[in-house]
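Okay, got some structures for you below.
First chain A sits with chain B, and in the next complex the same chain sits with chain C.
Our next item is the complex of A and B:
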């Protein structure tokens, strides 16, 4: 078993440590216009109030890092992403996860961001490795590494592990430490392959055993098309935390998943005397 | 990693296979007068109607094996346990888990039971090893092995593993196969030790990696004294299933824990096409 690594992500005034020895770090997913009409139309109007309120509500609900995505169909991402980062800096000290497939927008965002950002994402495609990894190095950022490459998403945990290993190796050649690589095993939909959950979890186990790196994942696709999705997502995220997931990308306003993360931390012995559990319980009582 | 073993428990007409390749087997815990006034008073009157109805309701709710405990304070367990087993044979073909600390009652129960019983339990205490293991062999039963011995319950996963290893070795000397040993790592209360959950899970991981044996556990003590216990129990049982738990002793009428078990099986890829999940969802809709 490799030693557990710590990944540090920071804003101008706050540093978040991601580590298997500490409580799970939630990366809030909501600042993303995909499928969110209200946010999308506000961004089209150059209005960042929804961005600001999404930041506040997610941090209040437990997000420690905020994903920020400026994917407005038909619009140039670069200025929007830049404005979003400025707007966020006004209302929160939570560090950001900069989520864009546009390399120009990414570089501009990194150049104005004050702190150590998490980049979402690189993968094993040659073109991505060549365009993203030098920016990780140049801006001393960390990066999410998706377990897919030019051949697509490998069907087996072993092959996904190989993609992660390749990204870590390529990053190492540029002087990027494994601590700055956060692996995403990719959780697909069990509706298409009933082994999708197991494959993601086994990928996490392999990557953690070999490299000790931190692990992120979006955990809601897994249940797409199934009934009672919240139960599946909660169970899947708790099991993934046991396997080694440390910083899921979720919506912290979804109470079931949030509670499952808190309970998993409690079970893992990462919540001394259950104090967080009891505090969160009291907060739920107050708000109900 | 050791190969996963199958444990077969049977009644006269039905065999249940416990295996890490199959859906989780629930051992229904309710036929136990401890803390259950109605059952206790009926047993005192020699009335087995509650036993019969508890059997039916637990099997309907998903129990595949039924624990049967005749612990009526101040009464002789032997005749009560015998009558309970007879009463159960009238209403269910679910195999039984015979739960008694009274060796005379245990031997009588085994002598009248038609099938391969699961004995609850042996542990690493010398006196228990000497009295229980020969009965396991003589009656071709399987047995739950608790990770405690004459020194008490070891505080570390490694020491609990050693207790299990010792029981498996002693059983082997009598010709009892590891497949007939079902290890219980012992889940204590997180209220007294906030690492209790992690210790139980790590014990499971060690025992499974070395021996491939099946694993049982009562998963409700863990949350004693904490608020929102159902969330903790559900999360803990799902994580334990990933670690290797195969046949928890639970109350299948507690919906949250039952759903967590079903979701964990789904995530583990043990529910082809999610058909059980969807069927159980429909049953919940019908009953709600």
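Our next item is the complex of A and C:
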């Protein structure tokens, strides 16, 4: 077993440590216009009030890092992403996870961001390795590594592990430490393949055993097409935390998943005296 | 209706893909022709699945099993359909647009349309605008269906429609689009003929377009 690594992500004033010794770090997913009409229309108008309120509500609900995505159809991402980062710095000290496939927008975002950002994402495609990894190095950022490459998403845990290993090796050649690579095993949907959950979890186990790296994952895709999704998402996330997931990308306003994460942390012995669990219980009582 | 045809419909709804090929054979042995089996056995089954899926009473894995049951029966009757010269409802080309790897929704659309009697030509995912154009030229479909799941890949739909215009074949085919970030107003804006919110609606729309 490799030693567990710590990944540090920071804003100007706050540092978040991601580690298997610490409670799970939630990366809030909501600042992303895909499927969110209100946010999308506000971004189109150049209005960042929804961005600000999404930041506040997610941090209040337990997000420690905020994912920021400026994917407005038909618009240039670069200026929007820049404005979103400025708007966020006014209302929160939560570090950011910069989520874009546009390399120019990414570089601009990294150049104005004050702190150590998490980049979402690189994968094993040659073009991505060549364009993203140098930026990770130049801006001393950390990066999410998706387990897919030019051949697509491998069907087996072993092959996904190989993709992660390749990314870690390529990053290493540029002087990027494994601690700054956060692997995403890719949770596909159980609606179309009932093995999707198992494959993701076994990939986590392989990657953690070999490299000790931190692990992220979008955990709501898994239940697409199924009824009673919250139960599936909650169980999947708790099992993934046991396997080694440390910083899921979720919607912290979804209470069931949030509670599952808190309970998993308690079970894993990462909640001293159960104080977080009790505090969160009291908060729920107060709000109900 | 013949007993075997209602059994075939029920097996499709149940997703009993192990039994449907044998049932199709039995139907043929009983003297039913391939067109009757398709129109009165398979399609009513898939119609029912479409309605129930749309209503939220059936779920993706069940639809996939039903589609597999339909396809297993189709494998038996397809050669005979061709022989008897019975036309299928029409032809649909589907694909997920350039830069996008999400294909569950697109696959469901393909299965529901096949269930409605269409011939499906699936170009897969990450399909370049030119590849759509070439496929339309080659197959002369009634309908072209495009899927995108990302706000950043939606614009490839517009590029594809432009490419069809440039190739002078835009009016030869109805274009319908769908996917999580796609809306009706976006469809109108980029000059698509229709937007479908889910696979069952897509199949209904395809039937209207091909009628």
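One rule holds for everything that comes next: the second predicted complex is superposed on the first by the 288 of 288 C-alpha atoms of A that agree within 3 Å, B and C clash if a C-alpha of one lies under 4 Å from a C-alpha of the other, contacts with A are read in each partner's own complex, and residues count from 1 in each chain.
The rule is simple: a residue touches a chain if its C-beta (ideal position, glycine included) is under 8 Å from a C-beta of that chain, and two chains touch if they have at least 3 such contacts.
On a predicted model such as this, the values are computed, not experimentally measured, just so you know.
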Partner chain in contact with A:33 - chain B first, chain C second, else both or neither: second
Which partner does A:253 reach: the first (chain B), the second (chain C), both, or neither? neither
With the two structures laid over each other on chain A, which partner does A:153 touch: chain B (first), chain C (second), both, or neither? second
Between chain B and chain C, whom does A:74 touch in the aligned arrangement: first, second, both, or neither? second
Touched partner set for A:235, first chain B, second chain C, both or neither: first
With the two structures laid over each other on chain A, which partner does A:227 touch: chain B (first), chain C (second), both, or neither? both
Is chain A touched at more residues by chain B or by chain C? B
Applying the touch criterion given at the start, work out whether A:191 contacts chain B, chain C, both or neither, answering first, second, both or neither. both
Does any part of chain A touch chain B in one structure and chain C in the other, and if so which residues? 190-191, 194, 226-227
Within the complex, chain A is touched by chain C residues 59-61, 64, 99, 101, 104, 107, 149-152, 154-155, 158, 180-181, 186
Give the list of chain B residues in touch with chain A in this complex. 190-191, 194-195, 197-199, 201, 222, 226-228, 231-232, 234-236, 238-239, 241-243, 259-260, 263-264, 266-269, 271-274, 277-278, 281, 284
Which positions of chain A touch chain C when the two form their complex? 33-35, 40, 71-74, 77, 101-102, 148, 152-153, 189-192, 194, 224-227
